[in-house]
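Next come the structures, one after another.
What follows is a pair of complexes built around chain A, which joins chain B in one and chain C in the other.
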Partner chain A sequence: MNKKWGMAIDLDKCTGCGACQVACMQENNMPIFKDDSDLPKRVTFLDLMKVTNDKDAKKKYGEVQVAFVPKMCQQCEGNNLGAHQPIPLETVKKRVLGGEKVFFPGITYDEQDNMLYKPEVVYTKDMVEDLEKKGVKSVYFDNSQPPCVSVCPVVATDVGDDGVVSQVWSRCIGCRYCQTACPYEARAFNWWNPRYEGDFKKSLNPDVSLSSRGAVVKCTFCSHIWKRERDKLLAKGEKDLNKVKYNPACVSACPTNAIIFGDLNDPESPVYAKKLNNDERAVRLVHSIDKADPKVREKWIAKKNYPNPKVYYLSSQKWLRDILVGFKNS
Partner chain B sequence: MKSAIEFCKNEWNSYTRKTKIALCVLLGLVALFAIFAIQILFWGLGYTDMNNVFAMGIWIIGDLGLVALGGGAFFSGFLLYIFRKDDLEPLINSTVLIGFMCYLFTFILLVFDIGQPLRAWFGYTYPNWGLHLMPKSMLTEVVWCLTLYFCVLCVELIPIPLKHKVVDKIPFFHYLGHYLHRLMWIMAAVGTFLSFFHQGSLGGGMWGVLYGKPGWFHPHFFFLAIVLATAGGTSFMTLWPYVASKIMKKEIVPMSSFQALAKVSGFMFIFYLSYRIFVVYTLSTVYVPMADRSFIDLLGGYYGLWMLSLELIFSAIPIVLLLVPKFREQEKFMVAGLISGVLAVLFHKLFVVLNGFSIPNFAWRPFMGYNPTIQEWFVMAGALACMALIYMWFAKYMPLFPHLHKHEHHEA
Partner chain C sequence: MKRTLLFFFLPFIISTYLSYILFIKACDYAMNVQAEKPLPFNHKTHMTKYNISNCEFCHGYYENGRFKGIPTVAVCKQCHEGKTAAEKIFFKNYKDTDTPWTSFAQQPDLVYFSHIAVMKNKKTAQCASCHGNKGVSMTTAKIKGKMLMGQCMDCHDSLKISNKCMVCHD
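Now for the complex of A and B:
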């Protein structure tokens, strides 16, 4: 797939009504606990965070600013250096025949975005010849490295070719290493046995599996809705997966259209990444590297991975942008 | 049945009053451990003070501490069997036993720590490997390496019961013990090899790779942890039998062996302290600024600057007290040096875990705090009590201290 799903949230439009959070809870079968006021232990994918410029409660009346920020898994991708840069197969062949160890860290695709090889392959002569036979002219790779994926000891979480970070509840052993790694506190652990009492059971969504106690769960951009839409298209005879369009539950639920969703790679999409990157009003959460001097940025990115999230926040209020993007001006 | 009860009674009556009190306290702790263990395993981790932000707590600190201190086992074995530092011989059995227990209880604590203990075997069946034999996740590496090293420790431990005078009389066991002993250098080599990896991964690499967390991200954390384990672990391996000999009021290990290992520890602390200072320096000048934060801000929480300073002070003390012969030769200074070596390890682990988790992820959040619940405390304390009991049992019934037995032999 050549999709890269992403989101843009216009905080000027958000009224903090919480509809997105409720929709998310319902769509993804969130359990209800006896004491859900225990916020740090609550299981939720989408957290409506109250953000204020008055952390120490020292500001005077009239100076205090407050905003509500819906925060879900930001579907980080890491630096993903060299991704989506097509390399002619001829070049790969020359290097392989020359005895060089040609190693692609990410998933290999051909020019039509068909997946050819899984990540971390070292190319051999046979493989290159095989690709030639298939008529492949050039290859590129995609090497998303979210902070939380490589750390999982049992591969319970992975990143798909549409950039969505998945999580398999029933594979997770509950070590919480991924929670430790996530800079956005986007993962929730089931500290208690999840309960679905009485009539509540009838409203459960059959497309999302129920979690058990002791496993980590997270937002997957409602990838089950994507599957539902895909099946509908397939039933109509459409086989091109790139044609599947969908909206996660929070996006559909927002009454003011503050959350929009789409393909970050598509110039026609309202969340076209290149446009958002140049938008004065847009920031990404705790990602001040976006605003750094280009030379410094280049130097640092060569040295260290950055989360590179796929969710953008838009606001015309400077204080809010400053506090969202990092720690320097807050 | 009757004779068993009679035997237990006689055994109990043969103990001194102090031993009886110690045993009561330890057994009490073990009983509480059992009760809270059942609560945690059956009703979940909700009973701990960990949460979605402070995702790990006192048990992981215990794991890190036990593995680092237990690391003294591999290093002493390495010095004795590979470098033939023979004056360590009287200490080695005790060292192996402590190492064995440290690793055993690391596993036990890990089982409590993970939310799905029944799925723990997934670590072996669905490991997160990368290319060839390179594990991708530090925890995969930890699981495999700990398991293998634990097997090595088991093999190293077997000769101790085999040397028991009853068992030793049976020719088969006598020869088995003999040949196992001769194989020990291979075990020591394999153990050292494995230890280097998991000391690095569990102790440091596990935190150093978290690129999204400015308090931890540092490429050198892996190696730092190895150096710390060799330095602090040897202190621990010297201190423990020393305390045991004081309690038993017998010279179980000659003073020269204590001195030898203490010197090694002091020597390793020179490396550790310089390395740690280098890591702190590069954290503050390179890695934390790369995440657009300032190091001193990260030290602002409840577990900040004071903890780091204490760690550095405790790492500096052994260098003076254990390396300068004038001090080392005086028992009290040597013991002070050893204690501070162990404390250096403890404070390092406390600082890494507590400070790392307490750092706010968002600019509008304050620092987090963590206050372990009674369940967490007693599972931890119970584990330590079990270790003490096992060691006491070995010290009483097994030839743990060959030096002591040799002496008894001579006297007889």
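Now for the complex of A and C:
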């Protein structure tokens, strides 16, 4: 799938009402525990965090400002250099015939999104000719590497075809490596067995599985809603899954439309990545790499895999942006 | 000497065997292998005698793409008008509110299985790929065994469909 779901959150519009958090918990069958003010042990996908420019209580009267930041799993992508760019088969053929060792770091797909080869398969002349015979004109690959996926010993967490990082609670053994690896504390560990009081159990969402004690849970951009919308589209006879559109529960719940959701690859979507990257107001939670000088940025990226999240925060206030990108004197 | 060894390991063997049985039973229970269907039904007659060649005639989809599963008695009555004495007696005994009227092959909670995604997509399966050749069976009993993840993955692999966790799990 040549999709890359992403999100943009306009913090100027956010009033901190918390509807997104409530909607998220209800959609994903989060239990309510006795003491949910116990922050480290609270189980929630979406945290509404309050930030202020007055951390050391030195601001004068009238200068103090606060903002609310909804923070969920940022669906990190890793560097993923060169991904989702169509590579003409002729170029591949030329390189193969020239005696080069051609392989791609991720799973390769053809332009119809059919899976072709597994990662790091070296292309031979026969393979290219076979593809030519099938009428393949170009290929693309995807090589997302979020920090949390590679550490999981039991493959309970994985990157989907649309770049969304999945988590299968029932498969998780609770080692919590991923929680340590995640730079955004987006994962929560279930310390207790979920309890649903009274009639709560009847209102649970049948599309999302319940997580038991001892498993790590996280936001999956409501991928079950995508599946639901896909089924609706298939029932209408549409077979191109790239046409599926959906909104996660938090996006639908936001009364001020502060959260918008869409395809980062699509120039017509409201969250087109290239547009957001040039937006003065947009920042991502990436330790100032995004705002660094392009040359320095390239050097860093070549050396190290950085999380490269897919959630953008928009704000017109500089102090807030500085806090979000993690500049030192903020 | 050998006999003492046997006696020594006997409790271990018995407990392994018992836990094996327990595990199998638990799996069967979770996947609803012995689903009860109180209405006797002959697939073969319906297929051959009445010339219904499309499974969707009775096992169709709702408008939003959900699979209807086992048809209701009301669906049967669309063809069986319930006028003859035999039919009257027959349908008097079966109501849609009867319990247990359970689903045929239940997948565990963590699976988001969608029939329409498998049957109406670009690459499709046949009903028989998972359910066996149900059309010629004379009962409602299950032909093929449990549907395990390996079977899904084999098919996905050979058809070059993505095998990412997200495709089926939630």
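Note that in this section the second predicted complex is superposed on the first by the 292 of 330 C-alpha atoms of A that agree within 3 Å, B and C clash if a C-alpha of one lies under 4 Å from a C-alpha of the other, contacts with A are read in each partner's own complex, and residues count from 1 in each chain.
One rule holds in what follows: contacts are C-beta pairs under 8 Å (C-beta built on N, C-alpha and C of every residue); 3 or more make two chains touch, one makes a residue touch a chain.
In this text, all values refer to a predicted model and were calculated from it rather than measured experimentally.
Looking at A:26 after the superposition, I want to know if it touches chain B, chain C, both of them or none. Which is it: first, second, both, neither?
Touch partners of A:26: none, neither chain B nor chain C.
Of the two partners chain B and chain C, which one touches more residues belonging to chain A?
Ranking chain B and chain C by residues of chain A touched puts B first.
Applying the document's definition of touch, where does A:65 land relative to chain B and chain C: first, second, both, or neither?
neither
Of the two partner chains, chain B (first) and chain C (second), which one does A:265 touch, if any: first, second, both, or neither?
neither
Between chain B and chain C, whom does A:166 touch in the aligned arrangement: first, second, both, or neither?
Once the two structures are laid over each other on A, A:166 reaches chain C alone.
On the A-aligned overlay, A:155 touches which partner chain: chain B = first, chain C = second, or both, or neither?
After superposition on chain A, A:155 lies in contact with both partners, chain B and chain C.
Return first, second, both or neither, reflecting whether A:252 touches chain B, chain C, both chains, or no partner chain.
Touch partners of A:252: none, neither chain B nor chain C.
Applying the document's definition of touch, where does A:317 land relative to chain B and chain C: first, second, both, or neither?
After superposition on chain A, A:317 lies in contact with neither partner.
Does chain B (first) or chain C (second) touch A:2, or do both, or does neither?
A:2: touches no partner chain.
Does the superposition put A:116 against chain B (first), chain C (second), both, or neither?
second
Considering each complex separately, which residues of chain A are in contact with chain B in the first and with chain C in the second?
Residues 155, 171, which sit in both footprints.
Quick one: which bits of chain B touch chain A in the complex? Just the residue numbers, please.
43-46, 50-56, 113-116, 119-120, 122-123, 126-128, 130-131, 136-140, 142-143, 206, 209-213, 217, 287, 290-293, 297, 357, 361-366
Using the touch definition from the top, list the residues of chain A that touch chain C in their complex.
Against chain C, the touching part of chain A is residues 114-116, 155-162, 164, 166, 168-171, 207-210, 220, 223-224, 227-228, 230-235, 237, 239, 241.
Across the complex, what residues on chain A touch chain B?
For chain A paired with chain B, touching residues are 40-42, 49, 51-53, 55, 76, 78, 103, 120, 122, 147, 150-155, 171-177, 179-185, 187-193, 212-216, 285-286, 288-289, 292, 300, 303-307, 323-324, 326-328, 330.
Flag every residue of chain C that touches chain A in the complex, lowest number first.
So the residues of chain C touching chain A come out as 61-66, 108-110, 112, 114, 116-117, 120-122, 160-162, 164-167, 169-170.
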